[in-house]
Amino acid sequence: MSESTWQLLLDSLWPLIHGAITGTIPLALASFAIGLVLALGLALMRLSKRRWLSSIAQVYISIVRGTPLLVQLFVIFYGLPSLGIVIDPWPSAIVAFSINVGGYAAEVIRAAILSVPKGQWEAAYMIGMSHRRALTRIILPQAARVSVPPLSNTFISLVKDTSLASLILVTELFREAQQVAAFSQQFMALYLEAALLYWVICLVLSSGQGVLEKRLDRYVAH
Amino acid sequence: MSESTWQLLLDSLWPLIHGAITGTIPLALASFAIGLVLALGLALMRLSKRRWLSSIAQVYISIVRGTPLLVQLFVIFYGLPSLGIVIDPWPSAIVAFSINVGGYAAEVIRAAILSVPKGQWEAAYMIGMSHRRALTRIILPQAARVSVPPLSNTFISLVKDTSLASLILVTELFREAQQVAAFSQQFMALYLEAALLYWVICLVLSSGQGVLEKRLDRYVAH
Amino acid sequence: MSPTDQKLLTVRGLQKSFGDNQVLKSIDLTVARGEVLALIGPSGSGKTTVLRCLNGLEIADGGTIEIIGADDATHAPVTIDFAAAHGSRAGVPKKTLGTLRDRSAMVFQHYNLFPHKTVLENVMEGPVVVQRRPRAEVETEALALLERVGLGEKRDSYPFELSGGQQQRVGIVRALALRPTLLLFDEPTSALDPELVGDVLRLIKELAAEGWTMVIVTHELEFAREVATEVAFVDGGTIVEHGDPKEMLRNPQHERTRQFLHRLLFPF
Amino acid sequence: MSPTDQKLLTVRGLQKSFGDNQVLKSIDLTVARGEVLALIGPSGSGKTTVLRCLNGLEIADGGTIEIIGADDATHAPVTIDFAAAHGSRAGVPKKTLGTLRDRSAMVFQHYNLFPHKTVLENVMEGPVVVQRRPRAEVETEALALLERVGLGEKRDSYPFELSGGQQQRVGIVRALALRPTLLLFDEPTSALDPELVGDVLRLIKELAAEGWTMVIVTHELEFAREVATEVAFVDGGTIVEHGDPKEMLRNPQHERTRQFLHRLLFPF
Amino acid sequence: SASAGDSGSDGAAAGTDESLSSVLESGTLTIGTEGTYRPFSYHADGSGELTGYDVEVARAVADQLGVEAEFEETQWDAIFAGLEAGRFDTIANQVSITPERVEAYTFSTPYTYSTGVIVVPEDNTSIASFADLAGKTTAQSLTSNWYTLATESGATVQSVEGWAQSVALVEQGRVDATVNDKLTYLDYKKQTGAAGLKIAAETEERSESAFAFAPEGTALAEAVSDALATLSEDGTLAAISDTYFGADVSQ
């Protein structure tokens, strides 16, 4: 690569990092937090004995997982206004990503709940707990440990997917890269730089996962 | 929706389906097949006792999973030519998606291999098998069953991700939808129609997964 | 036979099916205060299912369970009529089911300790969180119980740090801390290393000597002979034969009982 | 003591550590043709590790294993000197390790049948795929063995369709079909329902009577007394005491052996 | 231009058209633009202020109207969808006036006059006119008027995200040519040297670019046209144009 390209990459580093800090990361964090709450509800619906509740959750999950995120973003941002619902870019992105995370994480949480041995439910009932209390005090804490690795995968996917938010006017890492690319006409170099930053973010997140797992392993190692 | 919109959706149904049949589906199938072979190799490298082999695989997987697929596509299609390697759209797409599937499926296969009880390795060694033979005749067949659900998730993601191939000149479902949308200015309707088609494809694939699981369950149910 | 009202536990005509599989055809049994009933029988005969019905973990399809409280003045007998409930959890009044659970406590074959809680937390969870007794009082009692089974030092350990025998002793303490009227044991030693079996059996024997009322599913015939006040042989969903342990184990009346005992006593 | 060259198996000074944990300090034992050696000892004392070393599943850090073939004319003794191998698999000649594996066959505590293969395929896998013997011949032999253990009808069943006792009998047949010189059993009945233990123990007893040479890790003292020709008590990584079963189980010489036996025989 | 005189008339009093009044009331004119289309709409130094010819013209127009200019950046593919969804009042992104678009949207008077050019590799001799595009492959942005022009000339069109990708494909020899605004090419050449590229042909007709509005946005369109007329007269447009092109493209 030429020297001027190196200079460009260096000059654009701060704008890209700025995009990550003010766009990518808060967007991912907010969507993940909301998505997780949604996912927990959906997972419990899926596990419910009431068929209709379970079916609703199943259809939701199926649609979210069966359609491209890009399309989901467009429907919310460009489609809802035709029904009179106009949402700003940031809320739109958060809604879309939360809905998406909800669908994916719901299956993770459901599987994690199912992976807790049945004997744990029985011991909880035996000491007199209600279903709800058994769930919150006994089952979910154990399911949490099991779901850390798959959920952190979901989170890492989300971080990368936030690049799609550039399509609905949210300024984040990838959008910054596109802007610099358009100005400098060096889009290859800029995209590689963006990729590198995404990679760094994911590496940091993965090591965070390791720490979290170690913390949780204190309680449930064999 | 107005009547003309319905007519448009009807008229565009065939182009979209055509895009799925000639683009989306063969692209997904080819990439998945190649990606799986790659993934198996990477998974075995990851499990190897030779540190350097394991490290190479780990770095590969980390990069693939830590960077947006969009960027990977661009690097292969627009970036490699600056190194004198010019690949046509279709091969480019297949290479990019295979590399991607390789990274994701490698972790799935690795986990599946690790999930086979250690006693199976020992029984295989006991009857005199070599490591390689134990792997192919005893471990992998059992790992296969375990990896069907996560691998079919990988495949479903791939099907949706093929929509990104439209960015490197491959005509598939989403590209067709964009074209019709561009000329009719009916983005919402067309994107929703595309989403519906993706959903249908994913539903069909999921039911295929169920059939496959049932077949494999013949052997390993408890 | 003594009149029913003197019995702590009375089970009449208990039935339970899983799908087409009628596991319990008609189980009748009574246990008086301070008695130890040992249930023996082949694998799959329904022993665990009986215990689970007694602890409200399973809702029977028919029959009745009556259990009286620890102190007759305050704990009136509670009776569940499963025929009326049609085998559905919704059919049993929640309060009645709650009382059944309160009055019985189970020790599981695989301990089923809560892996994310310390030994002390495992023991205190029920009394504090469910029964809402004062934490300080419960802690004193729990520690005393743990001391008694030789695990006072392990109060802050997690279950995975304990041997199987230690885990099972915690399981027993967890059940005792609930102050139940009736203790249920489901093969409490069959998951243990042979050398660790003794610790648990000795503890159960002590509890029996102290007058706890218990129902124990076990394959340890020696233990049943020595500790139980009554043995019942379960097979085909009914109690085929029951009686005094020493008498019955030596001289079973039914052919099926004879066969079963022979297989266990002379395996080769 | 008879000279080494008459023994089928000779183990001298066997050592094995896992990290800092020296599990086997120095194990010496010999087994003559047709003898049955029972290994007893507390949990974690290294009994399984000994068997695994004998089957080449574990590479010892030091000591030697010598095993002679079924027929002295064609099967020369093979000796592995682990000190020379420095505890690494690479240090042991592949062929020597292969011979060790060929001459011994193991029956596992948890059966470890191949779940994706039928009973017959489980038995034939080793002889056909590894030993490359003619399929038809192997099949005839495998079916005869299955008939013999009462499982001829189950030839096309998958393991999950069998009871534990049936699975373990298939495990034994799988080992026999390899035509080993030495049979190794690692607590073959401790994962079984008590009533199913008998079938497996009877089968092992028959094999002993037929003259098979075996090493059996077991907690069934009655069984050891009746079937074994020698008992060895393993503790702390060495063989503390060994001798005639009837003699040693009645009158152990070492305090540790005494304690262990007492715990097993009088648990409460 | 001719429409300038009409704008002050009673046309706006038709009653239902609130496009202008709502802008004046809110005090902001919301403008959709790519932000990645040099030199019309881009970020200074790649990450600084939004700027460019179209952006500055739009700012000047907003000034004239006495409102704040507020920019919404979006992709070209989504830009009309955004307009229709009411996310912005107008588009300032070199929207060429074409018959199809006139049917679907309302336009102001043009503020850019330019030609289209065919850009080919320097050693290409087979393309010398638009007619020569027949049977050739070009790379274009979907929905752009250049896409239409290339198609109508008989070319097979590969659609890409924008100019950068198009020119990369030409340079790599994967397509034969790309058709785009001459101004875009000249800017590219000024910046990178455009080594190995040349213009093979130029359209005879000049294309006209203008602000696009929703169909019912007539009043606002007319007010913007008035503002453009004023800016043209006082030389503001010419000055802006000079900054970006070194020539006046507004006439």
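Note that the chains take the letters A, B, C, D and E in the order they are written out, and that residue 1 is the start of every chain.
The rule is short, and it goes like this: a residue touches a chain if its C-beta (ideal position, glycine included) is under 8 Å from a C-beta of that chain, and two chains touch if they have at least 3 such contacts.
The UniProt protein names, listed by chain, are A, B = Amino acid ABC transporter permease; C, D = Amino acid ABC transporter ATP-binding protein.
Note that this is a predicted model, so its numbers are computed, not measured.
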*Starting at chain D, what is the smallest number of hops through touching chains needed to reach chain E?*
2
*Between chain C and chain D, which partner chains are common?*
none
*Farthest chain relative to chain D (centres taken as mean CA coordinates)*: E
_Interchain centroid distance [CA atoms averaged], chain A/chain E, Å_ = 37
*Please work out the Cα centroid separation of chain A and chain C, and write it as a whole number of Å.*
46
*Taking each chain's centre as the mean of its CA atoms, how far is chain C from chain E in angstrom?*
82
_Using Cα averages as centroids, what's the distance between chain A and chain B in whole Å?_
20
*Enumerate the residues of chain B that touch no fewer than two other chains.*
78, 187-188
*Quick one: which residues in chain E touch 2 or more of the other chains?*
78, 81, 84, 165, 168
_Sites on chain C at which at least two other chains make contact_ = none
_Touch relationships between chains, expressed as pairs_ = A-B, A-C, A-E, B-D, B-E, C-D
_Residues of chain E defined as touching chain B within the complex_ = 77-78, 80-81, 84, 104, 139, 142-143, 158-161, 165, 168, 172-174
*asked:* Under the stated contact criterion, what part of chain C meets chain A in this complex?
replied: 52, 55-57, 98, 101-102, 105-106, 108, 110, 112-117, 125-126, 129-131, 158, 160, 174-175, 178
*asked:* Help me check something: in the complex, which residues belonging to chain A touch chain B?
replied: 62-63, 65-72, 74-75, 78-79, 82, 156, 160-161, 163, 174, 187-188, 191-192, 194-196, 198-199, 201-203, 206
*Which of the residues in chain C come into contact with chain D in the complex?*
42-43, 190, 193-198, 201-202, 205, 219, 223, 226-227, 260, 263-264, 266-268
*Where on chain A is chain E touching in the complex?*
8, 11-12, 14-15, 18, 74, 77-78, 81-82, 86, 89, 166-169, 171, 175-176, 178-185, 187-188
